[in-house]
């Protein structure tokens, strides 16, 4: 959304701070990424130990799949929070522009995933 | 190829040990995998620091692309070494069977990459 | 959006009928799909004429890429029209539900594209 | 393989003509491609009839998947016939070169499928 990235915590008072779509699931994302990191380390170990190339490929496919699942979660949250957030902008002219930007960002991100 | 995975080094004497296709490029593969591991860690850091979801998605796409490049290298070496190795089996009946197994393995691995 | 699929034209009067996101670009989509259809027919002809498998694969990749471009356009329009349309529902309870449905549909569709 | 593409039929006598890997399954490939062509035509019809974008996307994903299956079959046959054919070249110098060319072609084709 439109919050500055490195906003100091004291700037946000009273209410809970504005959040990205994935913030609620932050711990779940971090756990998944730690697991993926461990899988990549495991693949490096397989290469070091001269494991069979097909077994290494199977592990690489598993990591790619896990990354796709992370991507899909982030895209869903981008649409559900950032795009929808833009749609709730009260000024119609600003709203149309904000929507255009967020939808274009989503489409570009999905395009990069498909390539 | 057909060497047992955990063959003790003393079993191979005189000549250099038989190798997988990727053995010659082992250091290059390890460097690429270390870099990918670092990229995944960087993505986790972005999530921790509440970075913008689209920027995180861009990094996830970059890691997926890097993994595809590793996969493609391994597939190429599987075909160039394991499949071709099977084709050089002198006994025609064993050769046909070995080729079938290695080609099937390659196709299955590529199928997993495409999914 | 929420219009029934086969709504008779007379049901919509005065204003232009409600449309799907892609309706404005309908002719462009139809042209692209006709071209893809022709490409698939061309691939069949290559198989019939025993063309080299790698040349056929190159054409299959081109068609897959063209289909990805069509998908991406449809996803972008789904987000820009159907998701945003749900966000403009005046009743807050219905709005939340409509958004959830449309975002989920988008994510599921993107997930099918990634697989 | 190494046969010229447009070899006149009279050049091949007595035995069955040299074939590409997919020739044995030619009819099956043609049937699959005709079905894919029909699916693309069905998608165009859905666009013409203003069907819901998500339903169109589901069909586009099905066609992409069907094309992936065709690709995978062609890759498997390229490896099993063209690569293996190169490996049976009697002259060792020509063989090494022929293998390199065919393996490189396979890897490039797989790389295009992954992109």
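Note that the chains are named A, B, C and D in the order they appear, and that numbering of residues resets to 1 at the start of each chain.
Definition applied: a contact is a pair of C-beta atoms (placed from the backbone, for glycine too) under 8 Å apart; a residue touches a chain by one contact, two chains touch by 3 or more.
Note that the structure is predicted; figures quoted are calculated from it, not measured.
**Q** State the chain with the largest centre-to-centre distance from chain A, centres being mean CA positions.
**A** Comparing chain centres, D lies farthest from chain A.
**Q** If you average the CA atoms of chain C and of chain D, how far apart do the two points sit, in angstrom?
**A** Whole-Å distance between the two chain centres: 27.
**Q** With chain centres taken as the means of their Cα atoms, state the distance from chain B to chain C in Å.
**A** 36
**Q** Return the distance between the CA-based centres of chain A and chain C, expressed in whole Å.
**A** 24
**Q** Two or more other chains in contact with one residue: find those residues in chain C.
**A** Only 68, 71, 75, 106, 113, 115 qualify.
**Q** Viewed as a graph of touching chains, is the assembly arranged as a line, ring, star, complete set, or other?
**A** Topology of touching chains reads as a ring, each chain with two neighbours.
**Q** Once bound in the complex, which stretches of chain A touch chain B?
**A** 5, 19-23, 26, 29-30, 33-34, 36-37, 40-41, 43-44, 47-54, 56-58, 60-61, 63-65, 67-68, 70-71, 74-75, 77-78, 81-82, 105-106, 108-109, 112-113, 115
**Q** How about chain A: which of its residues touch chain C in the complex?
**A** 68, 71-72, 75-76, 79-80, 83-84, 87-88, 99-100, 103-104, 106-107, 110-111, 113-115
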